[in-house]
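Dropping the structure in here first, questions after.
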Amino acid sequence: MINKICPSVEAAVADIKDGATVMIGGFGEAGSPIELIHALIDQGARDLTVINNNTGNGQVGLAALIGAGRVRKMICSYPRSSQSKVFPELYRRGEIELELVPQGTLAERIRAGGAGVPAFYTPTSVGTPLAEGKEVREIEGRSYVLEYGLKADFALIRAEKADPLGNLTYYKAARNFGPIMAMAAKTTIVQARQVVEASGIDPEVVVTPGIFVNKVVEVADPAIESVLIEQGVSYP
Amino acid sequence: MINKICPSVEAAVADIKDGATVMIGGFGEAGSPIELIHALIDQGARDLTVINNNTGNGQVGLAALIGAGRVRKMICSYPRSSQSKVFPELYRRGEIELELVPQGTLAERIRAGGAGVPAFYTPTSVGTPLAEGKEVREIEGRSYVLEYGLKADFALIRAEKADPLGNLTYYKAARNFGPIMAMAAKTTIVQARQVVEASGIDPEVVVTPGIFVNKVVEVADPAIESVLIEQGVSYP
Amino acid sequence: MSNADTKAGLSRPQMAWRAAQDLVDGAFVNLGIGIPEMVADFVPGDRQIIYHTENGILGFGPRPAEGEEDPDLINAGKKPVTLLPGASFFHHADSFAMIRGGHIDYCILGAMQVSASGDLANWSTGAPDAIPAVGGAMDLVAGVPNVFIITDHVTRTGEPKLLETCTYPLTATGVVKRVFTDFGVFDVTASGFVLKEIAPGVTVDMIVEKTGAAVEIPADLKVIEVPDTV
Amino acid sequence: MSNADTKAGLSRPQMAWRAAQDLVDGAFVNLGIGIPEMVADFVPGDRQIIYHTENGILGFGPRPAEGEEDPDLINAGKKPVTLLPGASFFHHADSFAMIRGGHIDYCILGAMQVSASGDLANWSTGAPDAIPAVGGAMDLVAGVPNVFIITDHVTRTGEPKLLETCTYPLTATGVVKRVFTDFGVFDVTASGFVLKEIAPGVTVDMIVEKTGAAVEIPADLKVIEVPDTV
């Protein structure tokens, strides 16, 4: 029978290779799969392209992955925050690439990648520096920029409940990029607060159907990024 | 306070004008908002463009609307079935237009219309008669057809629960086109089996947020199309 | 429909049985209307297949008992189904995101014609008085990586359905991977049709005669062994 | 930040109060970080506004009491929020479908510069050593039909922020409908800035002097009357 449950976060991220493109869920700390990210740091893959809305905070989670020198390129909409020091320093030293994408275009590119839509037009960024070099087309009197779908080798996301088939629910605004990144990655790896049996999620309330999920690991009590930062934690 | 609940199906469809474009939810009879369609027949609007996956069955619901001569043009993927007589007859007589769209392209065009994406590329229909006259572009070695977003003046859909803000849940496979048509119409009109109070739907399980809904009418015990057809009902 | 059950070669259930053997454990599968639907009856018991239907269900099961049908719980053929543990509902755009995005592993469909380069014609004869209707077929074959076809080898009037070039309007070009007919199993390769297995009672000469394109015949041709129970 | 609170004209809460008066009952509103967030505190009590945040919530409410914050219940500014009855959660692509699809009625944002043709610059000074960061601003102003700006009338160094042409990198062209500054309320029309209302203590001469574009002054200029409580 299908059983996507992994015994540990280490096992869940074991296959991520150097040079992989990795989508990481979360909007700031909300929904950040922090245990999976830390396992990826331990695992050692490098030269990664990471897709996330931000670039992490403090010295934990995504910021720690970047700080460990594992990320060649970030694709994100907002790479700075009051607690984001790691990325700006590397960026100013020219040690990390940045592809800046408006947040809604980022979300739609990920959804398109997952939905088999190779490209689409959007009004966002027309007439701005972020549209430079891109095709602009007029449709019914308005100008639109052509943007391309985004796919990844892996997605790391955090869910609330998961069943052995990989069906997922989320918790509050931790949902954010999880459902669309699960669609867009070849291998989607999920840390769920609770693993339930196959009939444990009502088919009406499944947010991410198991078809988009490959591996699930239960992390019953995930760390909270802001708490770690307050405590002065620096991973590893 | 916001209250989108209407007293009757008549009140709910009162504003639909001649010449309007109307999306109608449902896949066959599953999810068909049959009371709203019958109210639209009674209301009398004509020269409509209707978007639905099919063209109705028997002499009730969508088939009755078409049979009453109210529909100028159908946009659909599958306009015939074993119980679909009305559309084929009108079509053969040249009395109704047909825009045939592959089902997934239809769904994606509706979703794009609702999401502010004016056009997108899809591999579906490349090299077939349905791609004739359309722009084809090669992206990373594969050919894709350019398709445009679809919007409507009105959407008529059937939901399970609705609250006064217009938040909706659906019932089983009756969900089908409802959520995306609600996004793509200027005015979305919903018949719901149950109207609940504003805190009556868990925010985690809302499928269609109220922002996409304009009017809700409770139809506690909707007619079932196949039962009406078995009973030989012909509306009106 | 054709006279498949009375002539040499596989019966319809046997064709469905043979196709079922090629689905791997854990696969997501979309079955078309007709013979393809029968495939679900013949999947080996040690494999779990999750069925997808265009109208927004993953993980549906067989037809319910008489009297337990729900008009809002149907498949794309508009027939009543049941739910298995781990099922989910989703809207039509998400359903076709699964299809177009390559997430469904196999689709199994019928065909009017299949060409040696994998072109498929299965939605229209192009007759001027026909009501055109395409449904989800074009999306399925464009998006699903493994497009399998189950079809009688010839038409009701005995004409080949496997051709050098399709004459009916196409559903897609270059998409068919494998064809299961009453005569045998054919792979569609870069060099055209390759006979992989032959049905009991069918000869290579019959296949060559009744196929409208060249067929490569391997030296180690295997005969399909259908269990007596099918 | 600027010296808005110590000079003639509206204070920051008063600017937020004035903007709040223009939101209609039942509107869906997205508020940017900073002064725009304060708008929610001043919406007249007989109007129900539903707030949207890019990270996937409709119908959120004010900051929770100390100790009741949930790190997974935050707004786009990454500040803790609460939920009101009728709230809903959705993923990021659906959230921006609401924005890009024109379903959000108003967005209220800050600005570095606004041009007389409605161009907006609010994401980058273009300084070569800056870390570029855009977030959802470009999507909001491209998709929301009513883009309102709240900003000090001049920069910290006294330079006009309302200009004939923006000099900073643009967020979008031709999108701003109305600007609320400490000096007054300005509509952006086909013929440029039109002063609709003037703040108490501010003169038309001050506005003309401190605006980097022509401003049309109507004959029936209204003075903003701010309640004492703001």
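A few points about this structure:
The chains carry the letters A, B, C and D, assigned in the order they are written, with residues numbered from 1 in each.
Note that contacts are C-beta pairs under 8 Å (C-beta built on N, C-alpha and C of every residue); 3 or more make two chains touch, one makes a residue touch a chain.
In UniProt terms, the chains line up like this: A, B = 3-oxoadipate CoA-transferase subunit A; C, D = 3-oxoadipate CoA-transferase subunit B.
This is a predicted model, so every value here is computed, not measured.
Annotation: A-D is the more contact-rich of the chain pairs A-D and A-C, by number of C-beta pairs in contact. Of all chains, C has its CA centroid at the greatest distance from the CA centroid of subunit D. Centroids of subunit B and subunit C (each the mean of its C-alpha atoms) stand 30 Å apart. Centroids of subunit A and subunit C (each the mean of its C-alpha atoms) stand 37 Å apart.
Note: centroid distance subunit A to subunit B, computed from Cα atoms, is 34 Å. Contacts with at least two other chains are made by residues 108, 111, 115-117, 122-123, 170-172, 203-204 of subunit B. Listed for subunit C are residues 57, 89-90, 93, 96, 99-100, 143, each touching two or more other chains. Chain pairs that touch one another: A-B, A-C, A-D, B-C, B-D. Residues 53-57, 70-74, 76, 78, 89-93, 95-96, 99-100, 119, 124, 129, 131-139, 142-143, 169-173 of subunit D touch subunit A in their complex.
Interface residues of subunit B facing subunit A in the complex, by the touch rule stated above, are 108, 112, 115-123, 137, 139-140, 142, 144, 148, 169-172, 203-205.
Residue ranges of subunit D in contact with subunit B, taken from their complex: 25-26, 28, 48, 50, 52, 57-59, 83, 85-90, 93, 96-104, 143. Interface residues of subunit B, counted against subunit D in their complex, comprise 1-2, 111, 113-117, 163-165, 167, 183, 197-199, 201, 203-204, 206, 209-212.
The touching residues of subunit B, when paired with subunit C in their complex, are 27-31, 53, 77-81, 87-88, 91-92, 98, 100-105, 107-108, 110-111, 122-130, 170-180, 207, 224-227.
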